[in-house]
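Below, each structure is written out as structure tokens.
Both complexes below contain chain A, partnered by chain B and then by chain C.
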Partner chain A sequence: MTQPGHRGPMLDGNSMAGDLREIFAVDVTAARYMCAGCTHTDAVATLMVWHQSPGLVARCPNCDDVVIRVVRAPDRVYLDLRGSVRLEVPLEGS
Partner chain B sequence: MGIISRGFGGRRRESVPGLPPGQYLTHDFPVLSAGPTPRVPLDRWRFTVTTETGDRTSWNWTEFQALPAEDVTVDIHCVTKWSKLGSTWRGVSLDTLLAGVESAADYTMVHSFGGYTTNVPMEDLLDGKAWVAYKFDGEDLEPEHGGPARLLIPHLYFWKSAKWVNGIQLMPEDEPGFWEAAGYHMYGDPWREQRYQGD
Partner chain C sequence: MARTAVSGRLIWRAATIAEARWESPTARTLVLDVPDWPGHLPGQHVDVRLTAEDGYSAQRSYSIASAWPEPGGKVELTVQRLDDGEVSPYLTDTVQAGDQIELRGPVGGWFVWREKSTAPVVLLGGGSGVVPLMAMVRARAIAGSKQPFRLIYSVRTPEDVLYADELRRRVRDDAGLDVHYVYTRKTPDNWPSAPKRIDVAAVNTYGWPPDFTPDCFVCGPTTFVETAADILVALGHDPRRIRTERFGGTS
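This part shows the complex of A and B:
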């Protein structure tokens, strides 16, 4: 229905490192996601992140679907992972 | 890295009397976006109201432009804490768009080109409280601000005023949209500071 859109202000998945570090004990930007929309898999750091919005919106570079949403309230962080089939987290020392 | 800088929420500024709690005044018009900006050709634009029984009423751009329009001047309040006073819009009232629609639904889901959604109770769309706006400040609404047309529902936080709107689904039960499912408030009244779930 639409023509290809303009990307606008955007960062890569490394920009989520600080917020995700507060939730997880591991560096999630190094984990691999599998997109629920197209099953594309790659490092979280390769996601396209729209940050000038009410939260962080990380989209799959292959299909544009939303993979991760991070919403930050003053006293809590909401992490919405419904767009990710799984996260594959490398373990240190293995 | 923390580039989100406390989600705009930490931008403590002096509150202005007459603004909802926690808001600060801005004179520009910040662009917030959760994804690529859709470019919608007017010959492919369509706005569709779908009832809870599946009945559809829709308008193409030409038909939509032929509907009676209203000029409104309203204050808008973004959940990221900026407020803009006296913004001027032209659009079609939801009272007009829903006038011929038979429905007993109490809730709606607003849909946009690009996949964005937001939930709004039916009563918040009626009685002169909401418009599908296609002009801002006398000019055609720019794509960055939701053009060709966006919802305008100024009494709720501005994430409810969906950009690039293309339809409304009428629903018997309330369901969360894009931001509501990710932690934002189901209703979003700025005067009660309903920013996040539980507020």
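This part shows the complex of A and C:
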């Protein structure tokens, strides 16, 4: 699903699962985001994602605003969540 | 199982190719030995990383085709070759038993089917989008689940069908499983309709009615996923019960 290194076709938030699980202890693709632009809410897995090295850009399918950016540097990851009002994370066993 | 599939920090592991088999002229299943595999849910995927001698590395995601637990403890990926791809031709044509690849996972906790779910299930697969849906069909059989499954599988030609023999056998042996094929370029001989894309009639006839409140899983190329999901919504299915996974031409 992922196409790092060049402009690939649009993917979805499912394809961010591995990169996000490097940072978080839970699966964030199953979490619900609320878009800061339009207040649309849905699973992170439904975001429209472009993999353009070195970063991931995830946009709201309702309004196209950027909801999440993940940028990799050699020794760290920058996570930009300003497009998301909140993340609602289901806990295991629920 | 769900717990082991989602907890703990994610690490890259070395997986060894135990066996490889062709599913179609352009798709191959890699059977992997992965030390300390924690188990997975059907629908999850793994990231695969290849690194060249000069340090250049490429990473792709592949859906897991097998269910868990698997008697031999193996994990299977089915890879569709894209001729202009950077990674898939290596995995379909070059890699062989005994070779190692780097892998991390399982990942993805949204596009998954859970055996405790009691709803009937509609699976809509386009091309190699059938792979994670096959994991669900296999998991249903392993769990002995009674939830009725209907798979609508859109594929270019009869030769491109993945898991053809197994699906034929499962339709016969797995009570409550139905499979319908939509051929987009070439049909088998004596097929009742000309080649066509998935449409309202096919989903209406071979899926479950919205009154049954089925869980719907749609996987394939972006255009297929958007068309199929739109059809489900137009037929009255609750969007909250429709889960989608797009792959934009994995290379």
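Just so it is clear, the second predicted complex is superposed on the first by the 84 of 94 C-alpha atoms of A that agree within 3 Å, B and C clash if a C-alpha of one lies under 4 Å from a C-alpha of the other, contacts with A are read in each partner's own complex, and residues count from 1 in each chain.
The criterion applied here is as follows: a contact is a pair of C-beta atoms (placed from the backbone, for glycine too) under 8 Å apart; a residue touches a chain by one contact, two chains touch by 3 or more.
As the structure is a computational prediction, the values presented were derived from the model and not from experiment.
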**Asked** Thinking of the overlay built on chain A, is A:V26 touched by chain B (first), by chain C (second), by both, or by neither?
**Response** second
**Asked** Touching A:S15 in the superposition: chain B (first), chain C (second), both, neither?
**Response** both
**Asked** So, A:D80: does it touch chain B (first), chain C (second), both, or neither?
**Response** first
**Request:** Would you sort A:R69 into first (chain B), second (chain C), both or neither based on which partner it touches?
**Result:** first
**Dominant toucher of chain A (residue count), chain B or chain C** = B
**Item:** On chain A, the residue positions that both chain B and chain C contact, one per complex
**Value:** 1-5, 8-9, 11, 14-15, 17-18
**Message:** Which residues of chain A touch chain C once you look at their complex with the stated criterion?
**Reply:** 1-5, 8-15, 17-18, 21-22, 25-27, 29-30, 43-46, 92-93
**Asked** Across the complex, what residues on chain C touch chain A?
**Response** 2-3, 6-10, 45-47, 58-62, 104-105, 107-111, 222, 243-251
**Request:** Spell out the residues on chain A that touch chain B in their complex, using ranges where they run on.
**Result:** 1-9, 11, 14-15, 17-19, 50-57, 59, 64, 66, 69-74, 76, 78, 80, 82
**Asked** Within the complex, which stretch of chain B touches chain A?
**Response** 1-4, 6-9, 30-41, 44, 79-80, 113-115, 143-144, 159, 166, 179, 181-184, 195-197
